[in-house]
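The two complexes that follow have chain A in common; it is paired with chain B in the first and with chain C in the second.
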Partner chain A sequence: MYDPSISSSIDLSIPSELGYERVVREAVASFAHRLGFATERVEDLKTAVSEACLNAIEHGNAQTPGLRVDVTCVWDGSGLTVCVQDQGLKPYSGHVTPGIEQRLRGDAPPRGLGLYLITQLVDACGFEPSPGGGNVLYMCMRRCPRA
Partner chain B sequence: MLDDDLDVYIREREGVAIIDLIGDVTTFAEEKITNAYNEVSRKGARNILLNFRQNDYINSAGIAILIGIVTEVNRNNQRLAMSGLSQHFQKIFRMVGLAQYVDIYQDEDEAIQGFTAAMA
Partner chain C sequence: MADVSHNAGPAERVVELHLPSRLGYEKVAMDAAASLARRMGFSSDRVDALRTALAEAITNAIEHGNAHDSQMRVLVMLTVRPSELVVSVADQGCKPLEPAHLSPPPTIEESFKRGDKGGWGIWLIRELMDEVEFTTAPSGGNQVRMVIHLEKRS
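Take a look at the complex of A and B:
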């Protein structure tokens, strides 16, 4: 019998090719379900993880063939931390781009909503330094919804 | 390649041009959605419904496409609504502010009623 009170983890590595973010999304969702996360939280996590992988594929690795995106998911007994690491061809500023009004006026590009969505959907997130270079985006989600 | 699978169909109901979006809405969907919008606009549509069905995956690139459609709708003085979104994606659309510019309905029937009331 699987015991979600003990720590466990999964590691994934995908090519820098659009569409592979869906593979990570499904794997992380399956892991979260197994750990007992509510369906709504799993949906939030799926979107956040997809966006993080998309950023890594498109931005951090610039869709360069041969470069990988590495994803680790660690369950500590109460929450899940997902780290998405790229090779850092383009570093992130961590800047969350403005809202839809600027985009509709043409003052901001229509793309770039991913980081904003991530900040809204998970309990905590941010960039952390990577000794080997590259961007590392971490996202934390507790099993119980925020009050 | 893991191309996304999106089928787009156009039909008309009670003066509303309905664009059915069946499948994933991602960067790969841009041409199909834009072509559908351009086609109904060429035919003179004033009221347009994007009817989502079985959309398990809508990402920020897909949302960017929809923002582009909203921009065109505003420019062309058309009315745009969306229906058929899951609760999760309704939340996402509210989060990014799309719901301020587009009426979001649970299903197609409700959307048609909304258009009819607005036209009355």
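Take a look at the complex of A and C:
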């Protein structure tokens, strides 16, 4: 009935407004859970997806009313890739977010840990070019076999 | 995902969800809708009613409208308004809904005659939601539009 060996995908689109990232978080968690991801991994993915949506709303779409954030989740049979796309009012500058050590030393501002957090939570992530403009952040998580 | 225009009024917010036509995926939409409804302030029993109605509508879309073709999609749109949540479920409709299934509720006797004991989905949706309307989706498929009112309970 729900065969995780078959590839599948879901797409979501939300208003670019704080709070709606929770709807994405629940949908992605529900999808990942049913694909057989361990609870701990699902929690990591929820946090990463929330951070990515918040970045899209606050930065990429610069908190402009009326814009959208689009999310696609693709399962290929062994890994889940979640892409979060904004409408790119503010393009991603490409700088690498400093780690926690630099922040504790005061070498970097305390905010803006979202991307750093995402890199720590998923197996691979990065920005990919979007033909239609906008920032596209992809996050991949592989499913480890259950013990 | 740019195939749907978001002609939302100033006080409306639309969340859109596209699912594969495969049983089990209705749970993804149920969890997303429940999250939204809780945030709007619906009581837990109303959230449960919404989950059940949505599950019935999506399984109908998968089993009947899209005839279990996993290449087809089910579109769920959640429109948040100040005093209500509008939920619409559209399939790609290779199998139009029979008008006979929309009117009077099935009887226990009729249901027992059926091998699968089914046929209660539409009746259940009407019982659970405040407004229910069956129409044709812009894509040509079947569409069910359900409204649940946000009641300020004393």
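The working rule: the second predicted complex is superposed on the first by the 132 of 147 C-alpha atoms of A that agree within 3 Å, B and C clash if a C-alpha of one lies under 4 Å from a C-alpha of the other, contacts with A are read in each partner's own complex, and residues count from 1 in each chain.
We take it that a residue touches a chain if its C-beta (ideal position, glycine included) is under 8 Å from a C-beta of that chain, and two chains touch if they have at least 3 such contacts.
These numbers come from a predicted model, not from an experiment.
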Superposition on chain A - do chain B and chain C clash or fit: fit
Partner chain in contact with A:F31 - chain B first, chain C second, else both or neither: second
Partner chain in contact with A:E17 - chain B first, chain C second, else both or neither: both
Which superposed partner A:L113 touches (first chain B, second chain C, both, neither): first
Touching partner for A:S9 - first (chain B), second (chain C), both, neither: second
Which superposed partner A:E40 touches (first chain B, second chain C, both, neither): first
Smallest separation in angstrom, by C-alpha atoms, between chain B and chain C in the superposition: 6
Contacts on chain A seen with chain B and repeated with chain C across the two complexes: 17, 19-20, 22-23, 25
Chain C residues within the chain A interface of the complex: 1, 6, 8, 13-20, 22-25, 27-32, 34-36, 39, 70, 78
Chain C contact footprint on chain A (complex, rising order): 1-2, 6, 8-15, 17, 19-20, 22-27, 29-31, 34, 68, 70, 72
Chain A residues within the chain B interface of the complex: 17-23, 25, 40, 43-44, 47, 50-51, 54, 99-101, 103-104, 106, 109-114, 116-117, 120
Contact set on chain B toward chain A in their complex: 1-4, 26-28, 57, 59-61, 63-65, 67-68, 70-71, 74, 87-88, 92, 95-98, 100-101
